[in-house]
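See the structures that follow.
One chain, chain A, appears in both complexes that follow, with chain B as partner in the first and chain C in the second.
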Partner chain A sequence: MTTTLPEIDRRPLRRRQWRRAGVQVACIVITLFMALPIVLIGLTAVSSSAAFAEFPRPFIPSGFSGETLTSFIEATGTIPALGNSLLVGVYTVVLSLLVGAPAGYALARYAFRGKDTYQVFMLLARALPIVVLSVPLATMFLDAGVYDTVFAVTLLHTTLAMPTTVLISASVFVSVPTDLEEAARVFGCGRFEAARRVVFPLAAPGLAAASIFTFVLSWNEIFGAAVITLGHRTLPAQVLASLGEAPQAYRFAGGFALILPALVFILVMRRYLVNMWGTTLR
Partner chain B sequence: MSEVVLHELVKTYPGGTTRATDEVSLRIADGEFMVLLGPSGCGKTTLLRMLAGLDTPDAGQIVIGGKDVTYLEPRRRNLSMVFQSYAVFPNKKVFDNIGFGLKVKGVPAAEIRRKVEWAADLLQLTPYLDRYPAKLSGGQRQRVAVARAIVVDADVLLMDEPLSNLDALLRLSFRAELKKLVSDLGITTVYVTHDQVEALSLGDRVAVMRDGRIVQCGAPVEVYANPADEFVGGFLGSPPMNFLSGTVGGDGAELHIDFGGQTMPVPSALASYQGKQLKLGIRPEAVTVDAGETGLRCAVEVFEPLGSSTLLTTDVCGQPLKVTAPASFRAEPGERLWLRLPPEQCRWYDPETQLLVEAKE
Partner chain C sequence: MVTRLKRSPWLLLAPSIVFMLVLFGWPLVQGLVVSASGDAWGRLFGDTYFLQALRNTLLLIVIVVPVQLVLAVAMALLVQARPRLLSGHFYLWTIPLAVSELAAGLVWLSVFDNRGYLNSFLVWLGLSEDGVQWLNYTNTGTMLLAVVVAEVWRATSLVFVIVVAGIQMVPRDYDEAAQVFGASFWQRLWHVTLPQLKPSLQVALILRTILALQAFAVAQALTGRNFPLLVGEAYQWYVNLQNPPVASAAALVVLAISLITAVLYLRTMRQQGAQR
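On to the complex of A and B.
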C-alpha cells in the first residue's frame, strides 16, 4: 500500500545553514580584527630593522631576527622595569587574594545588613578614572614616604583589582555547595578547617582564574604606575616614558613584550576565564 | 549511642515571621530509629539542623547522652550525618571521602584503612575506593555518604531525606538495606523524610510534624491506625484516610450519623455530639464492598486497576470516598455499590478542632 506523502520541504534547513554560515563569517571577521594588530606587532618584533621598513609588510617575515628584541631588552631601564612589573604583579595577586577572597566568601555565605550597598559601593573605585585616583594617591604616598616604590604601585593595583577579586571570588564560593562545608563541619572540622580542607580546594581553580585576571590587570596598568613612579617604573610605564625618543623598533618590541604575558595567561586560563562568568565552554 | 532529648526548641529564621519550630519537645531513646515526617516547611529539617549544630535555636535545650549540647559546635557533638544532596566531596576519592571524619579526628592511617574497608565492604563500594565521586552513579554516591557516616563511631546518626534523590526502584531496595544496616549497628538515628511510606517502613517511632509542631508521635502502626487528627490521617497512607462529614442524631439509646440521606450507627460514647457535626475517618483498605446490598450506598465515579489492588473513587451522598478493593474486583463508572464500614475501623473527628474523639467505652 502506498500513500502519497507531501514533498520534503528543505527550505527551512537551508535557511538554517545559511544563518550558521553567516555567524561563522562574522566570527572570522571579528577574530581577524582583534588579532591583526597583535600579529603585526609580533611579526615586527621578530624581524630585523631592515625588514621593518618594507611596505606593504609581508605576512611571512623576510628574515627572523632577534635584533629588535635584543635592542629593546638591552635598552636602559628595560630589565629593572620588567622585574618591577613582575614583582608588582605577584604582590598584587597575593595581596588582593588575601584581602578579597575572604570578603568574597563573606558575600557568598552570609546575609548581612547593607550587603547589596556594599557590593555596589565596591565598584565605585572603578568608576573613577585612574588618573583622578592616582594624583591624590601620589601626594599621599609622597607624604608617607613610599612614593616611587614597588609597594606603592602594588597598593594602587590592589585597590583597582579589589572589586573584581571580591566579586569573582564571591561567585566562585557561591558555586561551592554549602552542604559540603556543613558535612565537613559535622565530621569534625571547625569553620577554618572546613574551609581549608573542602571549600578552598574546590574554589582553587576559580580563584586561580581570578588571580590571572588580577595579574594581567596589574601588568597592563599604565597611567597610575606612570604617575606614582619615577625611577622604579613598571614595564608599561617605562615603555610609555621612552616612547618619545625611542626608535620605532623599540616600540614594537616593547608592545610585544607587554602583550605576551597576557596572551600566554589567557591561553592557559581560557577554560577558567570562561567558567568564571558562569558559562561553560564544553 | 546515646539518648537524645529536645526540649521546647524554638527557631525563627532571620527575616521569617513564623516559627520554623515552635516549642518542639522530643525524647529519643538510646538506639531508637526516630523518623521526623511532615510536608515541606513543617520544621523537620530545622529540627535536624539544630540537633546537628548547624543552626542555633532561639530558645530551648538539646541534650545528647546526658550532656547539654544546645550551643556546642557541630564537630564537638560526635554526630554523623547523611545529607539529601549526598554532600560527597568531589575533590576526594571514595576512600578519602569515607575516611574523612576519621582523618580529621587524627585516627592512625592503619585504623582508617581498616574501618574504611569494613564500611566499603558493607555497602558494596570496595571496587570503587580509588575512584572520584564524579565517576559514580547517584546510588553509589549515596552509599559513599552512608559509609562516611557509619565509619565514625558517632553517638547519633542523622539522615536528611537520604533517599529522596534516588530513583524509585533504587529507593525501594536501598530502604530495606538501610534499615538492616542501622538496626545491625544499633545506633540512635534521627531520620527526616516527607515520604510517609519511608517513615512507616523505617521508624521505630514516627513523629509527624506540621507548622513547626509535632502533631503525633508513636509507633508507625499506631500512628497509621489511630491518626491523632485529620492532618495525620490525610498525610499518612496512600491513598490517604477518607473523611465523611455528617450530623449526629437519634435518641439516648441509639445514636446515628446522617451523611445527608444515609445513616450509620455511632458509638454511644459520642452522645455529647448529639445534634452536632462529626467527621468519620476510615482507611480505604478498611472499607469492603458488600455483595448483600446492605450498608452505605455509593456510586462508582472512577475505577483504577493498580495491579496489586483496585482503587475505587465513589460518591456517598455527595462526599468522595476512596475504597481499596481486591485486584480481581470489577466495576463500571456510574455503577451502584453497597459499602461496609467496620465499626472497629472507624475513627471519629471533631470538625472544629479536627482532633480525634475517643469513642471507646
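On to the complex of A and C.
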C-alpha cells in the first residue's frame, strides 16, 4: 500500500497558459487586420499588368514589374504635385512655428487676464473642422489673387496646425525649467536673449517632434488642398482629381505611394506617439 | 508704455490671434454671408444627395465610433498584457495614424473592388461564382460596410493611442488590489479599469465623432459619389458643380454639427481640469 500525494491542481496554471495564448492570438489577428491591407495594395502596385488583369487574383502575383509604379510617377502632374506637397509641408512647419511657438511661450511663462479665454478659443478651434471653411476661403483667395498657389495651401494648413502647435509648444516650454532662464538673466541676458540662448535650445527636440506631426498633417490633408488649388495641386489632391478617369492600376500605385511615407513617419516617431497624440493633443 | 508693451504676453500672442481671425474668423463670416445670398439653402436641402449624405454621415458615426472605442480598449488591454513582439505589433497598429484618408480608401479598394482580393478569395474558396459587387451603387449596405471597415482601419489607431496614454496614467495598485480580493478579469475591467479610463474615453469619443463628420475621401475613393457624405457634398458642389454658395452652405452644416459636439468636448475638458 502506497500513500499517494494529493493531486496537484494544475487548473490555475493551465488557465494562465490559455490566457497568454489567447493574448498572442488576438494580437496576431489585429496585426493582420492592420498590416494585411498594406501588403495587399503593395502587391497590387508591383504586379505586372498581366498579373493585374487576372481573376481570381492569386495572393502572390504571377508576375512582378515596376511598370505600374513608374507609369504613376510618369503620369502628368505627379512629380510637380509631389514637389508642391513637400514645399507646402515645409512652409507650413516653418510658418506655424514662427507664429505659434511665441504664443506657446507666452502661455507657458506668463499669468495674465484673458489666458483662459485664449486657451478655450484654441481648444475650440482645434476641435472644429476648420478645413470645411476652405470653400469660403477659396473665394477670399481668389479676390486676393493667391488662389491656386503653394502659398494659399500653406496658409490653410498653418491655420489647421495652429491650435495644436500653440498647445504643444506651450507644454514643451513648461517643461523647460524656469531656473535656467532666470540664471541666464542674472548673468545679464535680456528676456529675448535668454529665450534664444537658453530656452530655445532646450525646447528644440520637443518642437522638432511637434513639427513632424505638423508635416504629416499637411501631407495628408486633402479636402482643403483639393478646393483651393487647380493647377498647383498637392499629391493627395492630384490623386483625388485623377480618380475619375484614371485606370485601376493608377489608383493602387497612387495609394501605395501615399502610404510609403506613413511607414517611415511612424517608424521615426514611435517614441513620441503616445505622449504627443495620446496626451498633449487630446 | 514701451516697456509695459514689451513685457506683455499679448505681443507674443498677437500673431496667432491675427492669423486665426483672418483665416478662421473671416471665412466663417464670409461663408455665412455667401450662403445666405440667393437660394443656396433651398437648393442644398432640396437636393436628394444631401439627405442621403446626412443619413450616411450620421449612420457612419453611429456605427464606426463605438466599434473603434471597443476595439481600441481591447488593443490597449492587449498591450498591457505585454505580449511577445510587443514593439512590432505596436508599430503596425499605429501605422494608420499617418495614412491619409484617401490612401486608406484606395487600400480598401484593392480589397473590395469587383476584381479585388476579397472576391478573389471568395471565388478561390468556391463560395461564389464571380464574387459580390461590394461597391455597386445598388448595394447601399455593402458600400456602407466597405466604408465602415476602411474608417475603422484608418482611425482606430488614434483612439488606441489616446487610450494607451490614459491607461499608463492609471496606477496599477487598484487593479492589483482587486485581483488580490479575487475579482475576475471582467469584474476588474468593468469596475476598476474602465471607470479610471473614463476621461480618456470621453475625449476620444468626442474627437473621433468630429473627425468622422469630416470623412469624405474614403468614400470618394471607394464609391465615387455613390455613397455621399456631407463633406463630399461640399466638394461636389464646389469642384464639379461650381456652385460656391451651396458648397458653403453644406460646409456650414458640418460646422454646426461639429460645434455642438465641440461644446461637449470643451465641457469635458473643463470638468477634467476642475478634477485635477
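Definition applied: the second predicted complex is superposed on the first by the 219 of 282 C-alpha atoms of A that agree within 3 Å, B and C clash if a C-alpha of one lies under 4 Å from a C-alpha of the other, contacts with A are read in each partner's own complex, and residues count from 1 in each chain.
As a convention for this text, contacts are C-beta pairs under 8 Å (C-beta built on N, C-alpha and C of every residue); 3 or more make two chains touch, one makes a residue touch a chain.
Predicted model, so just to flag it, every value in this text is computed and none were measured.
Novice: Name the contact category of A:W219: first (chain B only), second (chain C only), both, or neither.
Specialist: In the superposition, A:W219 touches chain C alone.
Novice: In the superposed model, does chain B or chain C contact more residues of chain A?
Specialist: C
Novice: Please indicate which partner A:P6 is in contact with in the superposed arrangement: first for chain B, second for chain C, both, or neither.
Specialist: Neither partner.
Novice: Name the contact category of A:E193: first (chain B only), second (chain C only), both, or neither.
Specialist: first
Novice: Examine A:M162 and indicate which partner it touches, taking first as chain B and second as chain C; both and neither are also allowed.
Specialist: After superposition on chain A, A:M162 lies in contact with chain C alone.
Novice: Of the two partner chains, chain B (first) and chain C (second), which one does A:D179 touch, if any: first, second, both, or neither?
Specialist: Only chain B is touched by A:D179; chain C is not.
Novice: For A:G255, using the defined touch cut-off, is the partner it touches chain B, chain C, both, or neither? Pick first, second, both or neither.
Specialist: Only chain C; A:G255 stays clear of chain B.
Novice: What is the contact status of A:P201 with respect to chain B (first) and chain C (second): first, second, both, or neither?
Specialist: first
Novice: Chain A residues touched by both chain B and chain C?
Specialist: In the superposed arrangement, which is not itself an observed complex, chain A uses no residue for both chain B and chain C.
Novice: For the complex, which residues does chain A have touching chain C?
Specialist: 20, 23-24, 26-27, 30-31, 33-35, 37-38, 40-41, 44, 55-59, 98-100, 102-103, 105-107, 109-110, 112, 115, 118, 120-121, 123-125, 127-140, 155-156, 158-159, 162, 166, 191, 216, 219-223, 226-227, 236, 239-240, 243-244, 248, 251-252, 254-255, 258-259, 261-263, 265-267, 269-270, 273-275, 277-279, 282
Novice: Going by the contact rule at the top, pick out the chain C residues touching chain A in the complex.
Specialist: Those residues of chain C that touch chain A are 6-10, 12-13, 15-17, 19-20, 23-24, 26-28, 30-31, 34, 71, 74-75, 78, 81, 83-85, 87-103, 105-111, 113, 115-117, 119-121, 123-124, 130, 153, 157-158, 161-166, 168, 200, 203-204, 206-207, 210, 213-214, 216-217, 220-221, 224, 231, 234-235, 238-239, 244, 247-248, 251-252, 254-255, 258-259, 261-262, 265-266, 269.
Novice: Where on chain B does chain A make contact in their complex?
Specialist: 14-15, 52-54, 73-75, 79-81, 83-85, 87, 89-91, 100-101, 104-105, 148, 152, 158
Novice: Which of the residues in chain A end up touching chain B in this complex?
Specialist: 111, 177, 179-180, 182-190, 193, 197-198, 201-202
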